[in-house]
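Next come two complexes, and both contain chain A; in the first it sits with chain B, in the second with chain C.
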Partner chain A sequence: MSSVSLTEPTNEAFADIKEELAAEAAADVTKKKLGVFFWICASWIVLVTALAITANLLPLHDPTLGNYNWPQNGGPSWNNWLGTDDLYRDILSRLIYGARISLIVGFGGALLGLVIGGIPAMFSAYRRGRVDTILNTGSYIFLAFPALVAVIAIVSFWKPSNVWKITLIIGVFGAPLIFRIVRAATLSYATRDFVLAAKALGASDSRILAREILPNIMPTIISFFLIAVATIIVLEGTLAFLGLSVSPPTPSWGNMLNEGSQLLVGAKGQTNVWLVIFPATAMFLLLFSLNVIADKLRAYFDVTEIKL
Partner chain B sequence: MSERERHILLEVEDLHVSFATSRGQLQAVQGVSFTLAQGKTLGIVGESGSGKTVLSRAVMGLLPRASTTQTGSVRYDTQEILNAPNDELRELWSTHIAMVFQDPMTSLNPVQKVGKQIVEPLRVHLKLPKGEAKETALSLLMQVGIPSPVERFDAYPFQLSGGMRQRVMIAIALACAPRLLMADEPTTGLDVTVQAQILDLLSKLQTDRDMAMILVTHDLGVVATRTDEIIVMYAGNVVERAPTNVLFKSLAMPYTEALLNSMPRIGNPSHSRLVAIEGRPPDLLNPPAGCPFSPRCPYAQDKCHKEKPPLVEAAPGHSYACWYPLTTSGQSQPATTAPTDTAGAGAGVGAEEATA
Partner chain C sequence: MARYIIKRLVLLIVIILFVSVAAFFLVHLLPGDPATTILGPNATAQNVATINKELGLNKPLWQQYFIWMGHVLQGNLGQSFTTHQSTTTIISESFPIDLELIIFSQIIAFAIAFPMAMRAARRPNKLFDQASNGTTFAFLALPPFVIAPVLVLVFAVHWHVFPGPASYVPLTQNFWSNIHTMLLPSIVLALGGIVVYFRLLRNDLISTLQEDFITMARSKGLSDRRVMWRHALRPSSISMLASAGVTIGTLIAGTFVVELLLQMPGLGYQLVASVNQDDYTVVQGITLVVAIAIVLINFIFDFLFTIVDPRIARE
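This part shows the complex of A and B:
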């Protein structure tokens, strides 16, 4: 009975897998032994998310409009905490507004992939049969196709690109991978006795999937979801770096890096390190935090698995 | 015997179940028939692989449809349920027929609190409001003998012992007051003292609720005192079928005798070896031409290897499939003794030598 306290928050943590999850789980979990490190990473994600959401309300400079009274490519100053870029725009404000794009594409794309890949995967794995064979083969074929190339091709033809289009495309292309992960996880539970027992109690297929199987595969889904978010943020950065993400002047971390890298060496021979160091650091910390959280959560949920 | 007068709840007629395997059709159940009246208990006995679990799942309609062929007839309360669509069965499951599974360690969802798992069928089938469902669940936990049900309600399965889990399984199965309970080796995963408790609990609940029960087991000791009728299965066939008291008095089939003899007896001297049935059950992909038990049967003669004996009713209620039965029904056979009681008998504890 020593493990009583350990499983208590499980169901609450399952409640939703939106971005609050990290914070929520952190709050529930810090009392147990998840460590300060997890807490710090979760706080960083929460901070970035909160800033991105409340950007309009914050006393920030306009992210798209420069001010010629400020220095061009200037370093950090009292007025512009993180400096200014080539077009006299405030980097801090661009960074915060840019977080919106990264977060929307990252979480949105992963969520979309989860919905269009994960839900069919559960039904497919539970019911098996011909539909499962077709979907499974389809996902293999889809995966064999180099996704990045396909995404680049679609994005370059489907102009003008905006954040929703990017999210949609990335979500669709992420779905087959998520399909495979969720299908495999579901398969390992679909033939367990307690699933048969639920069936013998007259539970419908969707009820069995939602109540019996989903809570069991949730640890897998949560950790894979967070890894997927990180991967997609990088992918968006890649697209932006190639000039294929949201069109300027809308800031995103990716296109800030893109522009910054071209102006790294300024007209007077100086190095404009501020243009890239801040977006790169912000992105690195976010990805790092997501990975840490995913890993810690998986370990956390695994504890109950081992005990069973 | 008055069971003929009682309302017939379940009628199984010539049930065949076969699985499609890569090596051909596996005949798991070959022509089983029986009837079960309300409030009565039927024991299905046989060794591993004799088809008893397949039979019980086929009756429930729980076998995967794609890979099995099921023919014959299963009528619950005159309604044909063999090969019925799942939607139709869902109406029956839990409220009319429920099942207690073999292994309580794996039959409960590991990540859901047990209380929630009992409440679920109440909410879904009986549409009880939350508070009422919880009260019913607590009273069920009490009925199955779980101490401090209020605390156990919020426990996860891994916090309970095997016996407790099986009690919870029984509570879940009984939640919607089924009229027929299938218990598929309900005590196999439990230790001996708990076995007896669980079986006593099942009989008590059965009497209280006038519920019919099918008790599937490999252990004649389990069924000896708790059933009204016994079916002995071997290699997918019914080899003997009789009312319980008749079976132990005058068993006819050598396999039943072999099963009985292989049980440990308390009267035996210490360290005496258990009698095992030599050989192994036949390959069901390639069943032998004659009696399926003939290769292992000590009394087998030429005819046994060549021709399959039909299941004949030798005396009212007592049928067997054997060319050379040990007794004809009605005579008593001093050589074989009925185990007096319980789970204990089969598991090697507490069996008492019945005086012949």
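This part shows the complex of A and C:
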């Protein structure tokens, strides 16, 4: 809600309106709290990100090289806090390095989608016309396309896969959805009076979009951006579980779960509980935190569901 | 209404064309010459020629596409390079597993989401509502590849309540063993559906229960139960049922995960196996069929709900 400065109503008849406004403002104040839970979740994401970035500097074991002096598929111990996998590698170290993949693909893919979907969407919604019609129909067609199947197919043909390729493919396939969200948000502001006023003052289109419209649609973009990050992390994890994301020995949470699951099958004669529990917990906590943050931000900014 | 349907039909055809072109060009993503990539470095010139002929790689691109499409329309999706089975056979043998998983999981999802939403909507923001809201919110962070290994670990490996991996029994062989093997993966797949169905039904029920006709029904002295079942439920369930079509894409991803985990020879299992063996025609065939199936299911659901609720067409 933008704060509109009202001249003090002098008439008695305005008294109840004034009261109502005051009550609304009070409700706004109580609503404008993100809550402790939000900050716990935000700190968790910051912590995971910080660990992932500084992984090289931390006193961690080599994530891709096992040590045969350690137990195979060992449980948590003083030396290996979260245990070891079937190739004698430290699970904690693999988890921390593996966070890089989820975070790079998640945030990178969503950012890429925002650039190739969001920026055209703002111009398209603001200028309208034939270009908008074409882009809009195009995004519809693209969205009807089952993204996961397409991503699996492209990844399996376009070998070898690495983290940047995966980010690129997922970002491109995420763009139409972001296009629709940003377009709908821009549309709802494009014909407002303050935009008209800016136009009348001779402001350029880019200036109006950047200075008048963008600040207003920012809350929507941020909330949906986080949802997009979570969705992309799930997509990458699914790919990794199917063995189609970054190739081993590079650790990712998805391929660790895959390795843990293969041990469950019993083909190798042993099971490793920790190789399932820890990556699953890490993934759950990251996704849960992202969802909580997005949810709380949406309530905080009062973003109503946009009709797509 | 008719205009809306025609518009959707045109869109459907465009999308299917788009899907087919995309699937066709997949082969050209392969590094270098597709024929040598498919056959490996030791391929004889004769084999390369056969592949080139089979894939039509010696003709102009647009001609290749139409030849390929011609074959596809006749049900010929090419042959596996490893097992020499036709792709059509592989797909027709494996898709019943996916179908069963999808149907079974959706039954479970509805069976849980319906009573839960009805109970929660009766007293919004009270204990049960908040508890079920919180639980389903947590489900959102449990995609199949995260929860499936954990459930298998607990219920199949430790407690032996459900059969472990690689114990799939076809439906035609033994009905009850089949159901037994299907239960765990179906529960995994149901979680995603429960979240969506519960939330949509709960929200719609809460707003429906505030409508005048509900007050009217109540003032006639009808019991809460009757008001809920006879008056509130039907108008509230449309958006939930409509979402069932949209979630089919994510559901497919889930079936792939559980099939790989439990080694059930469904489409996802075959797809991943083919990818690992560089069996490209099979990958291409499965991709095409699954993509078109998803598009068609979405379309059919859209169409059905336009009939059920004509307001959709007017929007």
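Keep in mind that, in the parts below, the second predicted complex is superposed on the first by the 263 of 308 C-alpha atoms of A that agree within 3 Å, B and C clash if a C-alpha of one lies under 4 Å from a C-alpha of the other, contacts with A are read in each partner's own complex, and residues count from 1 in each chain.
Note that in this section a residue touches a chain if its C-beta (ideal position, glycine included) is under 8 Å from a C-beta of that chain, and two chains touch if they have at least 3 such contacts.
Because the structure is predicted, anything quoted here is derived from the model rather than measured.
J.: For A:Leu196, is the partner it touches chain B (first), chain C (second), both, or none of the two (neither)?
T.: In the superposed model, A:Leu196 contacts chain B only, not chain C.
J.: Quick one: classify A:Leu264 as touching chain B (first), chain C (second), both or neither.
T.: A:Leu264 contacts chain C only, not chain B.
J.: For A:Phe123, select first, second, both or neither according to whether it touches chain B, chain C, the two together, or no partner.
T.: A:Phe123: touches no partner chain.
J.: On the A-aligned overlay, A:Asn216 touches which partner chain: chain B = first, chain C = second, or both, or neither?
T.: The answer is first: A:Asn216 touches chain B but not chain C.
J.: Between chain B and chain C, whom does A:Ser204 touch in the aligned arrangement: first, second, both, or neither?
T.: In the superposed model, A:Ser204 contacts chain B only, not chain C.
J.: For A:Trp39 in the superposed arrangement: first (chain B), second (chain C), both or neither?
T.: Neither partner.
J.: Which chain makes contact with more of the residues of chain A, chain B or else chain C?
T.: Of the two chains, more chain A residues are contacted by C.
J.: Spell out the part of chain A that touches chain C in their complex, as residue ranges.
T.: So the residues of chain A in touch with chain C come to 140-141, 144-150, 152-154, 156-159, 230, 234-235, 237-238, 240-244, 254, 257, 260-261, 264-266, 271, 273, 276-277, 280, 283-285, 287-288, 291-292, 295.
J.: Taking the touch rule as given, give the residues of chain A at its contact with chain B in the complex, in rising order.
T.: It is residues 1, 3-4, 7, 10-11, 128-129, 192-194, 196-204, 207, 211-212, 215-216, 218, 304-305, 307-308 of chain A that touch chain B.
J.: Mind listing the chain C positions that touch chain A in their complex?
T.: 11, 14-15, 18-19, 22-23, 26-27, 29-31, 137-138, 140-150, 152-153, 156-157, 164-166, 249-250, 252-253, 256-257, 260-261, 263, 268, 271-272, 275-276, 280, 283-284, 287, 290-291, 294-295, 298
J.: Please give the residue numbers of chain B that touch chain A in the complex, ascending.
T.: 60, 62, 66, 89-95, 98-99, 101-103, 106-113, 120-121, 124-125, 156-159, 169, 172-173
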